[in-house]
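Right after this note come the structures.
Each of the next two complexes has subunit A plus one more chain, namely subunit B in the first and subunit C in the second.
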Partner chain A sequence: MASESKMIMLRSSNNEVFEVEEALAFESQTIKHMIEHDCADTVIPLPKVSSNILAKVIEYCKKHVTSPKDDNNELESFDAEFVNIDKNVLFGLMSAANYLNIKSFLDLTSQALADIIEEKC
Partner chain B sequence: MAYSFPEEVLEYVFSFINSDKDRNAVSLVCKSWYEIERWCRRRIFIGNCYAVSPGIMIRRFPEIRSVEIKGKPHFADFNLVPEGWGGYVYPWVIAMSRAYPWLEEIRLKRMVVSDECLELISKSFKNFKVLVMSSCEGFSTDGLASVAANCRNLKELDLRESEVEDLSGHWLSHFPDTCTSLVSLNIACLGSEVSFSALERLVSRCPNLRMLQLNRAVPLEKLPNLLRGAPQLAELGTGAYSAELRPELLSSLLDAFTGCKKLKGLSGFWDVVPAYLPAIYPVCHGLTSLNLSYATIQSPDISKLISQCQNLQRLWVLDYIEDGGLDILATTCKNLEELRVFPSDPYGVEQNVSLTEQGLVSVSEGCPKLQSVLYFCRRMSNASLVTIAQNRPNLIRFRLCIIEARATDYLTLEPLDAGFGAIVENCRELRRLSLSGLLTDRVFEYIGKHAKKLEMLSIAFAGDGDLGLHHVLSGCESLRKLEIRDSPFGDKALLANAAKLETMRSLWMSSCSVSYGACKLLGQRLPRLNVEVIDERGTPESRPESCHIEKLYIYRTVAGRRFDTPDFIWTVDEEGNAPLRIA
Partner chain C sequence: MASDAKTRKFEYGGAAVDRISSLPTSLMDSILEGLPTDDAARTSVISKTWRDVWRMHPRIHLDENLISELVFEKFSELDEHTQLFELSRTITDIFSAHRGPVLDFLLFIPENLPIHQTLDMAIWIRNISDSGVRKLKLLNESLYNPFIVPSHFFSCSQLTHLTLVNCELNPPFGFGGFCNLISVELKYVGIYADMSLGTQLKELDMEVCTGIEHLGCQFNCENKLTSLRIVDCEAIYYQWFECIQKLQVLELGMNELPSSGKQVITLDKLVHNMPRLSSLFLDGFFLKILKPGAATFMRLSRTMENLKYLYLHCIELYEWDQSQHVLCLVRSSPNLQLLKIDLLKRIKLKTLTMKDPTDVFRISQEVEQIPRASKSAQIQWM
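Our next item is the complex of A and B:
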């Protein structure tokens, strides 16, 4: 019998609520900590993350949680495409990655920003 | 929408940016980036130890883990820099011992290092891992003993061509039995025997040992055992490669080399007995680097070896290879990137080997990836240089040393201006160039016009007058290091291009036509340059100002004049004086 995955509710800075599976939400050490230490209600407020950024973060986590572990090539091209975006959105993602403490996401976005800087140097 | 990042995020981003150039650019973006960057810079390269002081470095970069410092000018390699010139690392080590308790790496080139320094290093930095001393001097095996004994986590000890006072081989036994961290050990420059049993035990208990370069005193008989203790070696420098002909030694060596599946680089090969060369045939195919610059073997043996090294990227060899061997190199080694051919008999009058410009032309034709060349030979022609230039526009370093000074094009008896002109015109990415042969101001006109990426230029016995130097100083936008000997360059070009000198690391001129008066003017006009007059005839103040000085070394600095000069060096100060140094 398939077990029901527990759902977590995340509220963005502009009050939009996103419902996500717990496994996905736990990619964020910040959220994981809040839930494990009972610091949050039914809905977790994320006042530093706007909804369009939060949507993208969720998209990243979903891809990384659901992808088979050995499919590195696919993940790599997903990641490369994912950060091929407008600089301001990249900054937003970096900020969120740091605030939500998602290491792989912070690595990805930081490297992308470093690449941009090196190109300009 | 403007995002203000917490500093640690920016710092994290900067940790992905490692080249000095990019780091320097990042630090100039704004004050807060300057601050963040300076706290997270871990690695620093100082191309001239007198350009900046230890205090300035420490003040700006408080968390350095890795330092690389260079001292004497390059012409020190040709004995043009007198003994006692300077380049002492002691003030750096003292300052760093207080400021950088977590320092892990020190890399030095052409510096004077004392045993006290080595002891201080070994005791001050608890996590010290890497010590590389390239062409250094001033220390003995006692200093090495301190390093071996006290550096618990030592990974690299590399003495590359340093001059070491070799008191005994016992220093090696100072590595404690608990030392298993070595990754790289290069003792090739040491003269005396080291304790073999200590060496064998050290090698076999360091599972990560990747590079081992032995000295000449390690006999061939000891090699198989050493290799069996370290089959994971990637680079090996043999000791003397000679022994009486014994089939069992040959097969033992063959066995041992066959077991080294990861070997990529070979060097050493003193006193080669050719009959033992087949022992390395099993590894030839995998080799990317081969240094035969001590191997006095003849062309057929070299060729036999090279014909099996299809993956070679770097070859250093004596001119015994001859044109024939270079032809084989050109046919076999399609991945060759760097070639250095050294003279077996540089002071001999007659040519002893059949190596000419043809060998280099062959290699330039056959090796599409060739980018770096150092070639000693006895004749050259403009036509060959033009061919080489057209074959290899991807050259980055080109150093040609025709042994006889002012040698003409051997076919036309003309200067070699056109040939070198073709090199700079075709090789747009050229960063380093050494000239030789008969050259007029023309060649400098070509260089000034075309060599826009040139960073280092070496000139000897060349040019007609100041115009040549003027072309170089005014035209070469990327020039960082210029070294000139025995050429008629003088005051006019220097003074007309004085400001250029502040954009360069250094200028060396010896046996040229620079007057003391011009030096004084330079010192006055450019306070951020140190203008050092080297003259072993006594103070230049005792001669007329129009008198030519012996040697001149000018470098930019933010540290002001130095105070460790010997009594034959005068630093021109801002008033244009070079006061007698008070001992």
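Our next item is the complex of A and C:
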């Protein structure tokens, strides 16, 4: 398997194709598993993830892959802003995080939802 | 457990809450984990779905907040003896209502309510042992009433993370440890017989513990320790450091000189077998009991290539041996990124041991001038 900056194609539920770097795609354990075990063709179909959700997931992964490891404050404020969105989109993100198996993103979105419930108390 | 007022607050028609109900159980569990235990428990009144999820939720955290809320809101009218009884009964009720395995258990034991001395405690431990608990924290607030851990504890074969505060461990003879245990934190814990914690152990943190010599077999050549912290324990066993090749983080602290201030090991010998060490925390009292071997050498016999963080506290720079140890460490760490030195503040004005104040200045200057690997490497003086 090539270790250079290989590009991966992801197809959303509404048939839009996103091209991303392998390192970024590998944030998703699901995608990583599929590629490492040769279970996928050139394009990986993600029937449970719509385009707008997939775009946001890619945005999150990109930020977390490219940020320097020590810059916790910047990542924290990025994360806080990132989940400051409409509840319905947050649900979609959480489901996607679960389906794609991106642990840090799952923790972030579930905590955001827990915070919403707590506000109601 | 919830009063009417709080139930109403959940707004049965609430869109968020409804949508969450339609998520798979594992996701609902993740959300419940983000809530404090009492709020998470309250979700059980929203609907059958929520109730079932809560009952099967593998985490039971009876933390300080929850316990004090229970005691102050429900039992404040009662005398302490009855409070103890009611609290035990409530916890037993929680276990009875619970379905499914308990994989993550935390219990706070308040100082004035020694629930660990009730018969129920042994039953709760057996309950979680049977369900294959993985993460366990027993936080006993009372120093004078340690929790003598019952025998069922040693049958918790699935344990991966353990924290014990104010406990006593009396392992059964020949106890070979927990085969999945990777992280242990012991504070104010007494160990009364030889035992191993487990061959997979990676992180060990001991603070004010007694009987740690009983853990000797933990440090055999196959050990996988990556992080070790021994602070304020009666002694440090240097033979343990002969087989710690994988160690990345080390903290050794004494807080005051031990009664037998024997000088048993040199700094060189201490860190010799730790090529992967990346973080080192030492205090001045510990440096005092080192043999001054390093003082006669400018550098350690092996460079600490991977050392990135060096944190020294309670340091007295005007003590010759200490300052030499500090300089020796810094000189031997070419890739250091952060050096933090906390100076011991002497309140006494009498300075019999203090050498010429310009010594302190000269030493600090020398430390500042040691070449650094990169411009971003920092020195912090505290």
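We take it that the second predicted complex is superposed on the first by the 117 of 121 C-alpha atoms of A that agree within 3 Å, B and C clash if a C-alpha of one lies under 4 Å from a C-alpha of the other, contacts with A are read in each partner's own complex, and residues count from 1 in each chain.
One rule holds in what follows: a residue touches a chain if its C-beta (ideal position, glycine included) is under 8 Å from a C-beta of that chain, and two chains touch if they have at least 3 such contacts.
Since the structure is predicted, the reported quantities are computational estimates derived from the model, not experimental observations.
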Report task. Quick one: on subunit A, after the overlay, do subunit B and subunit C clash, or do they fit? Just give me the call. Result -> clash
Requested in this report: Check whether A:Thr30 is in contact with subunit B, with subunit C, with both or with neither, and answer first, second, both or neither.
Outcome: neither
Query raised in the report: In the superposed arrangement, which partner chain does A:Ser95 touch: subunit B (first), subunit C (second), both, or neither?
Result: both
Query raised in the report: Of the partners subunit B and subunit C, which touch A:Ser104 in the superposed model: first, second, both, neither?
Result: neither
Requested in this report: Report for A:Leu113: first if it touches subunit B alone, second if subunit C alone, otherwise both or neither.
Outcome: both
Query raised in the report: So, does A:Lys87 touch the first partner subunit B, the second partner subunit C, both, or neither?
Result: second
Query - Contacts on subunit A seen with subunit B and repeated with subunit C across the two complexes - result: 88, 91, 94-95, 98, 106, 110-111, 113-115, 117-118, 120-121
Query raised in the report: Which bits of subunit A are touching subunit B when the two form their complex?
Result: 88, 91-92, 94-95, 98, 106, 110-111, 113-115, 117-118, 120-121
Query raised in the report: What residues of subunit A sit close enough to touch subunit C in their complex?
Result: 87-88, 91, 94-95, 98, 106-107, 110-111, 113-118, 120-121
Query - subunit A partner contacts - residues on subunit C that touch it in the complex - result: 6, 9-11, 14-17, 19-20, 23-24, 26-27, 30-36, 39, 42-43
Query - Residue ranges of subunit B in contact with subunit A within the complex - result: 1, 3, 5-6, 8-9, 12-17, 19, 21-22, 25-26
